[in-house]
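First comes the structure, then the notes that go with it.
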Amino acid sequence: MVNKIYNDALTALDGLLFDGMTIMAGGFGLCGIPENYITAIRNSGVKNLTVISNNCGIDDFGLGLLLNSNQIKKMVSSYVGENKKFEELYLSGELELEFNPQGTLAERCRAGGAGIPAFYTKTGVGTMIADKKETKIFNGETYIMETALKADISIVKAWKSDNDGNLIYRKTARNFNPVMATAGRITLAEVESIVNTGELDPDNIHTPGVYVHRIIQGDSYEKRIERETTSD
Amino acid sequence: MVNKIYNDALTALDGLLFDGMTIMAGGFGLCGIPENYITAIRNSGVKNLTVISNNCGIDDFGLGLLLNSNQIKKMVSSYVGENKKFEELYLSGELELEFNPQGTLAERCRAGGAGIPAFYTKTGVGTMIADKKETKIFNGETYIMETALKADISIVKAWKSDNDGNLIYRKTARNFNPVMATAGRITLAEVESIVNTGELDPDNIHTPGVYVHRIIQGDSYEKRIERETTSD
Amino acid sequence: MAWTRDKMCQRAALELQDGFYVNLGIGMPTLVANFVPQGMNVTLQSENGMLGMGPFPKRQDLDPDLINAGKQTISELPESVYFDSSDSFSMIRGHHMDLSILGALQVAQNGDLANWMIPGKMVKGMGGAMDLVAGVKKVVILMEHVAKDNSPKIVESCTLPLTGQGVVDLIITDLGVFNFVDNNISLIELADDVTLDDISMNTGAKFEVNLN
Amino acid sequence: MAWTRDKMCQRAALELQDGFYVNLGIGMPTLVANFVPQGMNVTLQSENGMLGMGPFPKRQDLDPDLINAGKQTISELPESVYFDSSDSFSMIRGHHMDLSILGALQVAQNGDLANWMIPGKMVKGMGGAMDLVAGVKKVVILMEHVAKDNSPKIVESCTLPLTGQGVVDLIITDLGVFNFVDNNISLIELADDVTLDDISMNTGAKFEVNLN
């Protein structure tokens, strides 16, 4: 039987990284990000990456690590406001940036995974997001066409996996991970624990194993909180 | 607080039915069909219905009941081969029929619920399904444009609901129910049991309550098996 | 004179209805949650993937897997439901959310909204704002009437990059309330001790007056 | 002479690989599940919303909520996963399924497939067949070489309404095996005791011969 379980992130990434590649990374802010794969990609030194991710981490954590090491050529994101290094690289022209409305970004990833090359949306009509995009009128209203996104690899973070790669996520750490898991030519999941196949409830799998090619159990999760806010 | 729970199907449908309306009905064959709503719609006598449903039941159960009573003007389906009355009405010109590939039907319903007026797919390219549909080339390959489907009401069958209308489905009785729940202007769910809000696992809700406007606990479920097949 | 932030939020809360599903933007809109009337049930959405968002948690309940769209730690309620980003924006884009309350940099007299970018300054990104204004049934802007330099934020036409075209339904400021009918702006309420002159002096748009 | 149905299914099973996700059509293709080699792990999809489809159940385990795409009762396996119809066809349309084995009425020499409709007879519908042939990585047709009236089913061009254009990768019949490279058909295997003449007499298409 095909074994999807790898010992660690670097082993799981073996043979998949190349300069100029496109990587999709799940997570929202620092919540539900594939910490171990990001570190391993940083350590690999692979360059000129296009990274599709809703955010770009913070200066010293998450995808911010790949900014610091100048490995990212282009970001496709909806919000990068937490990151000073980003500003510096962007303003100096060292970093390309393609903004997508958050829902459009999510839908483009879903489309990539679902074999839908393009779809229409009202989001962004009449804004700079619509520049150079085709429009079409349905029922008297204008919509813009958005195209699918795919990636050479997708790196996602789930709560649990079974041996077949069936994944479940926890609370809002789910976010972009399930759609991005569908849109990678190869999808690598990292999880907090791996259980035997059959232990997860078949009615409640968030990402079926068909989408998941390589799995690691991360050996430590920092799970940093970006904005600790309490009612105390 | 707004009460979504109704006593029975006829009460839940009150004020929503009118001749010529469009109804989406979840289910695959006889599996996961909204039995109680179908019976109530039959009893209401509403006419000239356009019904969007993957199948049309069998001669004496499921949507077949609405065929027998001549309440359906048009079916939008992917497969209607189980139903002799269908053939009779279709050949005599009393029933219109629009075939959709099953995945296209599911995606059109999802699009209707997701505010996507149209999308492109390879399914059906070069077949009669592509007749009169716009095509577009992406990366050298031809795709056809399919438009969203919406309904005046959607009737769906779930396993459990809480008081807020959060739904969970059981096994393959899920099928078209979740996408159709999103595409009705008013969505009516029928379930086998209603539990208190908070009793369902928030990570495992299949249809969030925002999509569900009226709920009944069906008082009996026949859950007929269409093709009993055993290994005995 | 004029409304305090609390009074502005109270006024915004009048837009809520029992059973509403609501998305509150970052900043002052978030505070509207504190003014939901007793006995009214309003379900808050967080566009990173949650319905039924609860208040900020006690310190001992902090959970890094449970944040809102502003990346703040939050808490769960009995009615909470989690879903992925695609499902979250299907809900928004598909017109299932009843109300969104957002801040703004500029609103034009035709309902155009600018609230995501100031060219020349660093660009942070629109996040979910463009999706919300394009998809939510009613869009309410809650903002100070003028900018920090006292320039009007309600203008003839937006000079800043748009978030959406003709998308605003209601503006609530510290000086009053404007609504839009067919993309035409009207002043419909004055804040406490505010005169029509106060509004006119601080507003860059041509507006009708329909005070009740 | 020629292959029995079991032999045809055995030949089809050679197209399986360890770790494959596979959709088997109604009829003979379903039987291929009985010929998965020991130790090979193949996950069967049922397009009504299941991965990891098990065998037909014992009578006492019949569950009306658990059926396959042919509406037959089936059983669950440890690796089973359920999902909705939209997710199921995203999996199919998005090229995530490795192999689909289907029956056919006609296959043309350019790989066109007709397997859903005979005009004049009652139309049942295409179900998921058009989605499968458009989206699955490899499409294998498993069918008798000729129709009941002995007319060829492998033809120059399909006279029946198409399920898909140029979608077939391999045909397995009781007489032999054909593959398609760049939509050009070649005979690559002969069934037991079948001659090239047997094939030629029963085939309506022009085909190359590339027997190993």
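Residue numbering begins at 1 within each chain, and the chains themselves are lettered A, B, C and D in the order written.
Throughout what follows, a contact is a pair of C-beta atoms (placed from the backbone, for glycine too) under 8 Å apart; a residue touches a chain by one contact, two chains touch by 3 or more.
Since we're looking at a predicted model, the values are computed, not measured.
Peer 1: Can you list every chain that touches subunit B and also touches subunit D?
Peer 2: A
Peer 1: If I average the CA coordinates per chain, which chain comes out farthest from subunit D?
Peer 2: C
Peer 1: Name whichever of B-C and A-C has more C-beta pairs touching across its two chains.
Peer 2: Of the two interfaces, A-C and B-C, more C-beta pairs touch across A-C.
Peer 1: Based only on mean CA positions, could you tell me how far subunit C sits from subunit D in angstrom?
Peer 2: Centre separation, subunit C to subunit D: 54 Å.
Peer 1: Between subunit A and subunit C, what is the gap in Å from one C-alpha centre to the other?
Peer 2: 28
Peer 1: Could you put a whole-Å number on the gap between the CA centroids of subunit A and subunit D?
Peer 2: The answer is 35 Å.
Peer 1: I need the residues of subunit D touching at least two other chains; which ones are they?
Peer 2: As it turns out, subunit D has residues touching two or more other chains at 76, 82-83, 89-90, 92-93, 135.
Peer 1: For subunit A, write out the residues touching at least two other chains, lowest number first.
Peer 2: Residues 107, 110, 114-116, 121-122, 169-171, 174, 202-203 of subunit A each touch two or more of the other chains.
Peer 1: Hey, how would you classify the chain contact layout here, line, ring, star, complete or other?
Peer 2: other
Peer 1: Pairs of chains that touch, anyone?
Peer 2: Those chain pairs which touch are A-B, A-C, A-D, B-C, B-D.
Peer 1: For the complex, give me every residue of subunit B touching subunit D.
Peer 2: Against subunit D, subunit B makes touches at 28-32, 54, 77-82, 87, 90-91, 97, 99, 101-107, 109-110, 121-129, 159, 169-179, 206, 223-232.
Peer 1: Residue numbers of subunit A touching subunit D in their complex, please.
Peer 2: Where subunit A meets subunit D, its residues are 1-2, 110, 112-116, 162, 164, 166, 182, 196-198, 202-203, 205, 208-211.
Peer 1: Note which residues of subunit D are touching subunit B in the complex, please.
Peer 2: Residue list for subunit D touching subunit B: 46-50, 55-59, 62-68, 70-74, 76, 82-86, 88-90, 92-93, 112, 122-131, 134-135, 161-166.
Peer 1: Given the complex with subunit B, which residues does subunit C contribute to the contact?
Peer 2: 18-19, 21, 39-41, 43, 45, 51-52, 76, 78-83, 87, 89-97, 135
Peer 1: Write out the stretch or stretches of subunit B touching subunit A in their complex.
Peer 2: 107, 111, 114-122, 136, 138-139, 143, 147, 168-171, 174, 201-204
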